[in-house]
């Protein structure tokens, strides 16, 4: 095993937010709001700064050895099962760490303003810091178990923050739903871990951490026979965390939490954990074309499925939520076609613009006195100029308009889908379609929110105002990032260096190896590369045009000809619209097939019939009753009649005599 | 000092009994009784710390052994010993002892000296059970344990306390009487009641099956394993808080301990024969317990059923026959002891205030009692096995161990089914939490409920600290039990997952290559 | 024809002394009561106790001339001394319990003391019997005295009825016993145990004559120990008799009857016991089960304990069954089987003592549980909340009942342990299983009393133990119950030694 | 000769017993019992037990039965009325079958195994008062003493139970 | 036909069973006592017969003791019966139902 640099700063990236969370959480209301806010933001800031420091150190290393680790000792040590408590940073986790702490920091700042008047201020920041801790554990964890700690930790924070305003039962329910659905994913994840562990354990050398990513990568070949199973199980976990079909249902509900939470957890960071994990385990996924196919298929179907739902939603955050689901589908698609680097690239750009959009929507909601329904918004352009312009930038980025960040990542994804051996025309077409839909519904959102007349009540209207600087400043920064953030991945065909991909290349080397292998098998020639470049140009142009069309149509329909929307709504008797509005009735289907029957089964059959009736009633009390009744019946022999007693005596004697006669 | 340290196990066991007797006879004032009991329990804890710090983790055999002839010319002896498995359970018991007593400060106002006496008596019996290395001694402690618990449930319990107490008593007796016959049979095969002599008896296949069934029944009822569990919810619901805590935290562990210490090593054929069936029951218990817990209207009953589910994991781990699964089971016992104990304490807190445990009576408590809500949340999370807390380590090890088990039939399928319990656990716990703590404060009676007092925090805080501590540093327990687990499993020819590769000597207590039989005991320590 | 064989008494006075003391003591008590008019009421009880204690002292300090007495009519040794101690102890306890109730209407029974002593004399003789005639006379002395103890409470119809039922059924059973003896006499040509043993060795026993004879004797003893189906007097008589007499009967008579039963089956075994062994096994099982099952349905504590005594008779019969179980008789396994027989016998002895202790402790409390009006508290519900009113009485009764249920660390558990271990040792595992199932069932009804005492609030607080002396005495017995439950070994070893003396 | 007497006394005894059982009046039953006892004395005589025969008449048929008759007369009324009916018709089989079964078994056994003869005439002086007295005062001295205790107990008992409390001799 | 030991035994058995059946069927307590006496009497015949068979008088002693015990038993039985009769004005054992389940 190659030696690698150790970096004890790493642990503090993780631990500082934890300490801040602990302090903030324990002192809670005893801490003045300013102090609490400062503590929380400061902690994340420190974390960010440390991440940058370590990251820079990473950049100075030779490309192949970019890896630092920080081990805090054995976590679980039993027999030859050795799991360390440690953190590592390689190019992949470095990028993730920067995104998480960076965006997290901005959102923390934003929250200072957004949550300023909330009574749970201290609690909120404690949770947020705890989230950063968990997310960093997930990202920097040295092994799968550490990742799983973070994985569950972010789920917990998500739960706590969704249910932050627990007064409303719906929020609490949404939080619970998020946690539980994630747990379903974890079910697969855990099994995946077990499968890896049992496959690998007999082959480990002394002192090798069983689930350490380095070990896994090192021994990936051993796992080849069961790679498909492992990958599918792990992917089940990813569908939970990254809100893919069939476990995406929690994410839209999760919008019940405060908007910064939606931005941080349910857009920028946590939900991408699944993508991160798949990318992290790329060396396994590439071993199984089946698994890759499933990943790609689920990704693309999710992308288009969520996009269609987003078309009809009226809640501003719900639209963004479905959009997030859709974008996560893109990322999965990228992973599925082997373009892990691009997936992470999209993770990053998406973090920028989706955080921006959420924060912007938060600003809107803040201005509209917590109103989230777009149907009563409108005309906010003038009153919230900063919000509007930054929001628009985010929209353009999401719609994939050149030169915003989204263009680069999304375009790359579509291109890879098209060109990869694992992709093809059909996935590309679906992704392409989804991209147009995205542009359309985003424009719809923008128009309904910012353009036209305000449709709110006078009371609400009078309170509309631009948000404070703590909120707008992050918006601006994120807007800038949404613009320029994609440029680091400027692709080759446009004269760039695809620096982002190159940076990650060492992590995905095996993946690339497989892709190269596949290309070699299929006789990829140099000539084809030229053709590819042409093709790339064409596709990029098409997708840009397609995005613009989407935007245009959206603008046209909702700004000029609202009747079109109405007639679309009534298309086919309004059934398609209704289906979309009600999200394909998936929640209801789950409720009807699993939850309700499960509940009724448990209550009426298992508890009432099996437990109380059969086991307790029939077996336990029943046998007791039989004994008691036997006793009561036998008791009747004791009738007080001496003659009867004597008779039973004679019977006893007779038995003896008879027995003796027969035996003698 | 050597008077104490030479007979440390006796002291640890009988100090509470002494306190109990004094409470019966001398200490009659309520306030005195409380303080006296607390002091005794604390003293016992301090004594047990001696065990913890002087325990040699590298050895899998018994330590601090005491052996005095008792009956039949020493064929039956007062034989006390302690290995790592006993150690951790003993520490759990003595650690919870003072906390439990402290928790009853306000809750028990009727016949306080008697209550404290019974609690201490119970503690003595439980400790004795963990130490006993003579089967009859074990059986005596095992049965004696019923008496104080029976009174605790029956005298200070809820509405249906009598039903619950009697059910508890008789249910447990049902199993143990058959075990007694089994013990007697073994006694005449071995010529002694000593566990280690039992281990050397060569039993026929059929005898092993019968004996294993007899032993297993006794322990399975105590655990409780699936169809034998119905006493548990009743006992839990009706018992006073302290009773529930002890019941959940320690008493249920007796069954597991018994399987591990006696039923499994003594009858390898029985284990081999029954393991598939038992693992199925365990899995049923996991899922069934969780599903039934989900629909309970009473918080305590919910927690009770959750115990059925959790202990299903432990049983599964045990019968995976892998060191990992077994160690995970032991770890889960501790973790479950902490988390479920804390849950019952918390339920007790709210019951003291509101005199109801119906979930529907609550809602929105997080407003009125934020500290309480926080403790409850932490405990809930510990219970559902959130990574980073104690529960996760155990569950992970169990499931991982089981998954890799090569002796257990359908191990993979069992693990997959069992893992659904992880999901279900989150469902019922969080749903309960949501209904109790979240939402609007709808019920007028819940307005203005006082938050946790300092005393209550003092009771809960140590437990919570350990939940985290063990979650981050499970080595605290694992190091102590590792060698002992190997010893216990040695008669079963080990779990393949960790030992089948000759290239690695995975376990420190693995026999030396040249040695044919693993050393169960170091006789020298007995004949001191 | 045959010359007068006058037994040489001079060397036997020492061994006869305990019997003489009790016999003369009985007369003395009677005489004192009749002629000394200045006596306080409880002086008679002191005298009675003194006499019984004299028996103990004489046995401790006296010379031990073991062996045949009075020309083989009796035999003395550790075995008889052991039972003499037991009877004396039970007698003292019974005297204490009885004396406590002097003041109650209709309970002053001066005849109680001589009758108690004569009854004990009968038992002592019964245990020491070495001749069928001695058995018969000892048994009748014991029984006749007991009939009056049971039925002699004037003005109490329940007592009279109990006494009459006991008497008439006792007479009925005596007829069977006698018929059995007659048949055995007919086989052996003599009534001495020595004659019988000799005949057993030398002649081929006729199954119907000897088998039926011994079976009928078994029936007679079975009546005394309350073996199903000869048990039916038990609940009625225990219920109707004054409680202290019930306690006496449940412990002393049972002990005496089992003592002679054990000696009798050993005498008959191994050649013949197997003729009716399966029937005995079946009746043992029935006895255990019947007793426990019906006890479940009782609400009267005395009846409950009566049925429980039937059940305990069943357990003890289990010991008897083990004692003579076929494997014991196998010639090739003689060494091991002797061991088994000894362990069974010692277990029976231990059980009898333990049973006496715990039962006396229980009856001691029940005996003094009265209403102000003098009404006995026999309904279990009268004990509600006793733990609050009289913690000591409740704890004592509780310990006694838990011990009866066979819960450690009380002597009842150890007794069962020794017994069942002998049973298992003899390989009778199904019987052991039935035994433990039965003791499981028994737990329920014993617990019910505990439930009432400790877990129910009192409805009528006017019932309470009136006699502190009795309560404290019972408390001391309860301590013995614990002590013997924790440290039974010395006593058990003694029991082994004692039993060895009569065995094989 | 012995044969005839045996059959005579035997059938008298059985008949007396049966009549005692079936007669409803207690007095009549008692008289039939005396009849049976007298027959028994005859049987004793046949069995070379003259002393027993005499004692049977004196003690049994004399003293004991007089006691019975005395009590019956003392109690009068209900005792003399006797039983309304002995047993329900349906219960007769339950009562009768066990003894019948015993009879069948034992008779069957006897028929299989044959009769047991005497093996010789009784010795001279057998069963005479001297003979029995020798045993009573010698070998069976204990029994002789014990029976006094038994009778004493019976006296105490009869007094204690039978007498009114105020009239107890010692009060 | 020679009268053998067996004849006497069978006679005793018949008488014994008669007494036994009488005991079971009769309600009158005094008659029940008499039935017991009858049964004892039959036992006496067995003893006497075996005494004759073995040519030793041990059985005779037994019979004598039997007389005494029977007398004692009858005395006590009748005493208790008188006491019961005083209270209940009955000697019908089926009326003795103060003690039953």
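Points worth noting:
Lettered A, B, C, D and E in written order, each chain numbered from 1.
As a convention for this text, a contact is a pair of C-beta atoms (placed from the backbone, for glycine too) under 8 Å apart; a residue touches a chain by one contact, two chains touch by 3 or more.
What you see is a predicted model, and the numbers here were worked out from it, not measured in a lab.
Shared contact partners of chain B and chain D, listed by label, are A, C. The set of chains in contact with chain B as well as chain E comprises A, C. Across the structure, the highest number of inter-chain C-beta contacts is found for D-E. Taking the mean Cα position of each chain as its centre, A sits at the greatest distance from chain E.
Ranking every chain by how far its Cα centroid lies from the centroid of chain B, the top place goes to D. Among the chains present, the centre nearest to the common Cα mean is that of B.
In whole angstrom, the spacing between the mean C-alpha positions of chain C and chain E is 26. Note: centroid distance chain D to chain E, computed from Cα atoms, is 6 Å. A straight line joining the Cα centres of chain C and chain D is 30 Å long. Averaged C-alpha coordinates put the centre of chain A at 97 Å from the centre of chain E. Shown for chain C are the residues in touch with two or more other chains, namely 2, 133, 137, 140, 144, 147-148, 151, 154, 160, 163, 165, 168, 172, 208, 235-236, 294, 297, 444.
Counting partner chains per residue, chain B has residues 170 touching two or more of them.
Looking at chain D, residues 95, 99, 102, 106, 109, 123, 126, 131, 139-140, 143, 147, 150, 153-154, 157, 161 sit in touch with two or more other chains.
Here the chains touching each other pair up as A-B, A-C, A-D, A-E, B-C, C-D, C-E, D-E.
For chain C in complex with chain D, the touching residues are 1-7, 23, 26-27, 30, 33-35, 69-71, 73-74, 106, 109-111, 114-115, 118, 121-122, 125, 133-134, 137-138, 140-141, 144-145, 147-148, 151-152, 154-155, 160, 163, 206, 208. Every residue of chain D that touches chain A in the complex is listed here, in rising order: 94-95, 98-99, 101-102, 105-106, 108-109.
Against chain C, in their complex, chain A makes its touches with residues 624, 627-628, 630-632, 634-635, 637-638, 640, 642, 644-646, 648-649, 651-653, 655-657, 659-661, 663-664.
Those residues of chain C lying in contact with chain A across their complex are 165, 168-169, 172-173, 176, 207-208, 211-212, 215-216, 218-219, 222-223, 228-230, 232-233, 235-236, 275-276, 278-279, 283, 290, 292-298, 441, 444.
Across the complex, chain A meets chain D through its residues 647, 650-651, 653-654, 657-658, 661, 664.
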